[in-house]
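A, B, C, D, E and F label the chains in the order they appear, each numbered from 1.
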Amino acid sequence: MRILIVNPNTTISMTEKAAQAARAVAGHGTEIVAATSKNGPASIEGHYDGAIAVPGLLLEIRAAQVAGADAAIIACFDDTGLEAARTLAEIPVLGLCESAVITAALLAQRFTVVTTLERSRVLIENLVVRYGMGGRAKVRAADIPVLDLEDNASGALVKLKRQIELALAEDGAEAIVLGCAGMADLARTLQREYGVPVVDGVSAAVKQAEALVSQGLTTSKRGSYAAPLAKPYTGSMQAFAPESAGP
Amino acid sequence: MRILIVNPNTTISMTEKAAQAARAVAGHGTEIVAATSKNGPASIEGHYDGAIAVPGLLLEIRAAQVAGADAAIIACFDDTGLEAARTLAEIPVLGLCESAVITAALLAQRFTVVTTLERSRVLIENLVVRYGMGGRAKVRAADIPVLDLEDNASGALVKLKRQIELALAEDGAEAIVLGCAGMADLARTLQREYGVPVVDGVSAAVKQAEALVSQGLTTSKRGSYAAPLAKPYTGSMQAFAPESAGP
Amino acid sequence: MRILIVNPNTTISMTEKAAQAARAVAGHGTEIVAATSKNGPASIEGHYDGAIAVPGLLLEIRAAQVAGADAAIIACFDDTGLEAARTLAEIPVLGLCESAVITAALLAQRFTVVTTLERSRVLIENLVVRYGMGGRAKVRAADIPVLDLEDNASGALVKLKRQIELALAEDGAEAIVLGCAGMADLARTLQREYGVPVVDGVSAAVKQAEALVSQGLTTSKRGSYAAPLAKPYTGSMQAFAPESAGP
Amino acid sequence: MRILIVNPNTTISMTEKAAQAARAVAGHGTEIVAATSKNGPASIEGHYDGAIAVPGLLLEIRAAQVAGADAAIIACFDDTGLEAARTLAEIPVLGLCESAVITAALLAQRFTVVTTLERSRVLIENLVVRYGMGGRAKVRAADIPVLDLEDNASGALVKLKRQIELALAEDGAEAIVLGCAGMADLARTLQREYGVPVVDGVSAAVKQAEALVSQGLTTSKRGSYAAPLAKPYTGSMQAFAPESAGP
Amino acid sequence: MRILIVNPNTTISMTEKAAQAARAVAGHGTEIVAATSKNGPASIEGHYDGAIAVPGLLLEIRAAQVAGADAAIIACFDDTGLEAARTLAEIPVLGLCESAVITAALLAQRFTVVTTLERSRVLIENLVVRYGMGGRAKVRAADIPVLDLEDNASGALVKLKRQIELALAEDGAEAIVLGCAGMADLARTLQREYGVPVVDGVSAAVKQAEALVSQGLTTSKRGSYAAPLAKPYTGSMQAFAPESAGP
Amino acid sequence: MRILIVNPNTTISMTEKAAQAARAVAGHGTEIVAATSKNGPASIEGHYDGAIAVPGLLLEIRAAQVAGADAAIIACFDDTGLEAARTLAEIPVLGLCESAVITAALLAQRFTVVTTLERSRVLIENLVVRYGMGGRAKVRAADIPVLDLEDNASGALVKLKRQIELALAEDGAEAIVLGCAGMADLARTLQREYGVPVVDGVSAAVKQAEALVSQGLTTSKRGSYAAPLAKPYTGSMQAFAPESAGP
């Protein structure tokens, strides 16, 4: 089984960290293939970056599907482009936020997602509501620029731990979800330190991808995610015309 | 006051129809400026088309803002790219679906949105829920390809009327929302025929845009819609780097 | 276009302030007509005052409709009598709370309504939920008797600002809604001071009224708001018999 | 214990029917006192009738409280004026809809309310949502003018039974709530005929009133239902000035 | 009328306290019969204790029904086994939490439940949501082991009062619900002290039981609560085979 | 990795079918251990059977944990005893309904669960709501006694297919969830026949169990699922005293 981890941020070091987290939990016989988008923002911080990142992301998923990937994971906690990717691809596509919150919900009645920037907090709250966990999860922002997570000296970990402690003290959190792909390496350590489950989205998504593939399940092509209809695409988006989209 | 109507579908005849609907309701002193995206799909039918249409759409909004537009309207009922546009722009940005459902909610306790394709039905249902009208509105699809609305001989009107009649008979609809920019010309006729309010998203959005501008209100830049942070954008998306984004 | 602003509080100075706010945003060709209820409480503070204010309010709307008004606005943030007025009138009727929260929702993902008295807080929370914004808006009470807003020396502004500051600091508010007709004159100043959109219900309602009238839309008479049935009314309410109600 | 049944419809025969239903379930030592509003519509059908009925209704509750009533029941399934009455009175006030749906919820997971006119259907749906039963209850209208329930030859029973049968066949109803005070006499017969619990609002409200009084519980005067503040009332509403309102 | 109070905790002193509270509010002609489960945990603290307590509880309800009880009350605020009991019994079955929250909702728009242990807090929150009061009620835990309520010297009352005070100051609570059967004796005193309604679940359930019986209402046997189907039960659960279940 | 499948129905043939489905999807290195409860009903049909089945179920989970199981799956679609099991066990515990609906939600925006008996329909609807999928999933009952699924000649498959066809035609279902452990063998065939994803709860739960174990995640012991407190258990339930519960 081959699973694509595609980073819609164009920063390669983030991809590496996500791929490493993915490989750490991948099952026997699962190959993790990592790709970094070549077209888009260095980091996704809010709605604008997210929207611009989607075409480059879809390009990588399309290429990976042609090359034989069995599932794809979008390595950004905002689940950027997830619905478009599910429409495009024949293979299952997983998002980090969705995978992480359904995982946390198997472990705890109440949990808190700790993300990076305040501007992403409500965006993730809205995702959590859409995924049906609005009554069970809170979202906190730790005020960490995404790329600071690549830099050990940035004080990012201190800020992150401060929010975890507040989640335990004030939110009644029974588990923690790390709300950024770039935090994948911290989950085990924090879990040990705080004595509650700490869920990383990359790991969660890898296991959901494996789960779907080994059950012979893929995205429904009836209704919402029906394959794109053939039609002209113009200008710089010509390359995305769906008649050339997939198997 | 100058209001931009931007069509994220690259089909110019649709833009013309929307602009005409907009001008029909625009207030004294409002200038309607219409733009058609130059980069993207000929019509937006589902999540994939929608996602690819966004960058081209944002380009038009950015250009119009630089050129002095006071508000922008995204002329697609899926509210494609609405959150990204609000993040990018300093001027208010309106979506057709959001504008139409809040308008219908001022007129009726229960209403039905009639859209084009089944693949867009759940997408619009999800928008309706997000806009707080999930308990008040139903969504029906009339099985009309978007571009058929440009063609009088396509039988589209018959299908549309069939769904309106079912909405009145089975949904308890007290008003109807036309769920596609391409239906803008039909609202008045259908309202007369069925004796219930028929809301067109383009008209509704123009009036909401005028309302915001004349109240001196624009998108909050605190939190969710804070202006994009300066950062490198790579590949074909370089032109979208946010440091060159705003006025 | 003639828009009635009817104050269901019987205090004329409040009507004047609302009319002034209305005129400040009214479009070219819109005439604002103000009326003060002659029958009811000097101020509406809670459910009891609100219920008693309704018949006097309906009388003014009926009279204005006969006199040719194109729309009516109920100048009380509790949206007192809104559903009854929509049932009575053939012209559109707008409430301040409904108009303000749908306006704020076009500008911000999260916002806070600041109202006067604690006894009105839950009442407004319930309206906000009914209007579909329960997940997006918080409501705070500033502990200001309604009539104190008429008195510059009352310290009302200080209390109001205290709650706005708490909304920004603790609620994650991205915009503020002023939750009382008597605060209409403060919106622009507060918006400048706090750097977030500050929405006034009177202004918002005027623009919604204009929007509906210029779109040729009025309250649906199918279902919930069907015109009152002719029937005997007895005692002091005889004057309200619906057979004499219409235009 | 003395419980007031006040009919906000001014039709005395309806009051008699409600009082009879009340007496049939009243406990040992409970005296049922019936009053008919002297000011308002002959029957309440929709929002307008309901709003005009409230002052006359409140007058009766105030008088009964002064005369020593221990609790009051508003004998209209729309729960007309319920919140105002709770604000006014020191004694508990019960509504038929609220009492009936909480009773049905003790007996069944899913149930259907059958009311009279289509124009009241959504109004009751909204009440059901406000009382927390939106996911458990459906509402159907039997197309019966309220006063037809006073007339045995009107065919009202046939229409009512038709909707009960549809509720059982299509809604998965496990119990039925009769959604009009004028149906109180039919509950036992229908329950026997259909083999599911049939809840009458008058009976349910009497038992809730007794329950509160014998527990020493009454409406909270903290927050939402705090007693009306003393203030001038003008015009025909002068008699309602709250300084003369309570014991 | 004979009402069974069955304590699913096997601690007899708790049963006595509940029976005493029940008798204090029981109507003329109501006989309270108390039973203590003979099979299960000494106290129910969390999901595990609750699940194990159910069979012993059902045994007592079955026996009481055979012996002629008219209704049964499960004397544990977690509403342990309530749905199973309603399926088993022909007579109405009441839970403390459900009875208490619907009672509080008749008295106040917002209220707080104060329970014993943190591990029960979310369990009760989930019940409150299921009973439709999620938007109106908060739940607080006072950190009191259940059996400490049997011991006057345990400091339990101080902890309970601390949470009531916080509920009034921070939650906007307009009424308090005591969230444990073992607190039944404190309601009246606390109500006097804090000046807001204080609802005890045992009292509330007794009055709901009386209400249902005197209305001739019992659990629907259509759908969710249909009588158990005859079938083999094996091992230590043989005694529970439903063919021997009925009256 | 060793995963326990415990059947809370005491019918061994059902266990075998579930174990077979489990083994068909289990990953390399996963050992499936099946156990059948020795204490309880032959089949779980409704709330009563479900409640009585729990202690026998917990006994098996406790034994398996002591014997070294890494995760446990409760092989009943009602998720009988799931919360109690999570409280008891140190290892992760999965339910079929929860696992299946979160899996379906990764594949489709809207889906329908087809269960066996009408009496289980609302029970499963309530689970679906609790798991956050109330707005996305419908539940249908095929009127099949649970044990008929063990009998090829019973016509069960015809009834099941009838409901799947209705789900596709009327519910807008984009995927199907089989709502009974006894249907595990049918998923692949039905998926091929209807061309939409068909999710089986047993398979889904196995993959979720593997996912949690390989991520080093287990049920939070903070808050809702804290380990049972030591205390006396009496009567036939003495064997369940929690001081002997843990590893």
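Here, a contact is a pair of C-beta atoms (placed from the backbone, for glycine too) under 8 Å apart; a residue touches a chain by one contact, two chains touch by 3 or more.
For clarity, every value in this text was computed on a predicted model and none was experimentally measured.
Participant: Please report the smallest number of touch steps linking chain C to chain F.
Facilitator: Graph distance in the chain contact network comes out at 2.
Participant: Spell out the chains that contact chain A while also contacting chain E.
Facilitator: Output, common partners of chain A and chain E: C, F.
Participant: Over half shared or under half: which fits the residue numbers at the contact of copies chain C and chain D, same or different?
Facilitator: Same-residue interface.
Participant: Please name the chain that ends up farthest from chain F once chain centres are defined by their CA atoms averaged.
Facilitator: C
Participant: Based only on mean CA positions, could you tell me how far chain D sits from chain E in angstrom?
Facilitator: Taking the average C-alpha coordinate of chain D and of chain E, the gap between them is 28 Å.
Participant: Could you tell me the distance, in whole angstrom, between the mean C-alpha positions of chain D and chain F?
Facilitator: 44
Participant: So which bits of chain D are touching at least two other chains?
Facilitator: 109-110, 118, 121-122, 126, 134-135, 172, 223-225
Participant: What graph shape do the protein chains here make by touch: line, ring, star, complete or other?
Facilitator: If you draw each chain as a dot and join those that touch, the picture is no line, ring, star or complete graph.
Participant: Among all the chains shown, which pairs meet the touch rule set out at the top?
Facilitator: A-B, A-C, A-E, A-F, B-C, B-D, B-F, C-D, C-E, D-E, D-F, E-F
Participant: Flag every residue of chain C that touches chain D in the complex, lowest number first.
Facilitator: So the residues of chain C touching chain D come out as 10, 37-43, 45-56, 58, 81, 83-84, 86-88, 118-119, 121-123, 126, 130, 145, 223-226, 228-229, 231-237, 240-242, 245.
Participant: Flag every residue of chain C that touches chain E in the complex, lowest number first.
Facilitator: 118, 121-122, 126, 129, 134
Participant: So in the complex, the part of chain F that touches chain B is made up of which residues?
Facilitator: Contact set of chain F toward chain B: 109-110, 135, 172, 174.
Participant: Would you tell me which residues of chain F are touching chain A in their complex?
Facilitator: So the residues of chain F in touch with chain A come to 25, 27-29, 92, 94, 98, 102-103, 105-110, 131-136, 168, 172-175, 188, 191, 195-197, 199-200, 203-204, 207-208, 210-212, 214-225.
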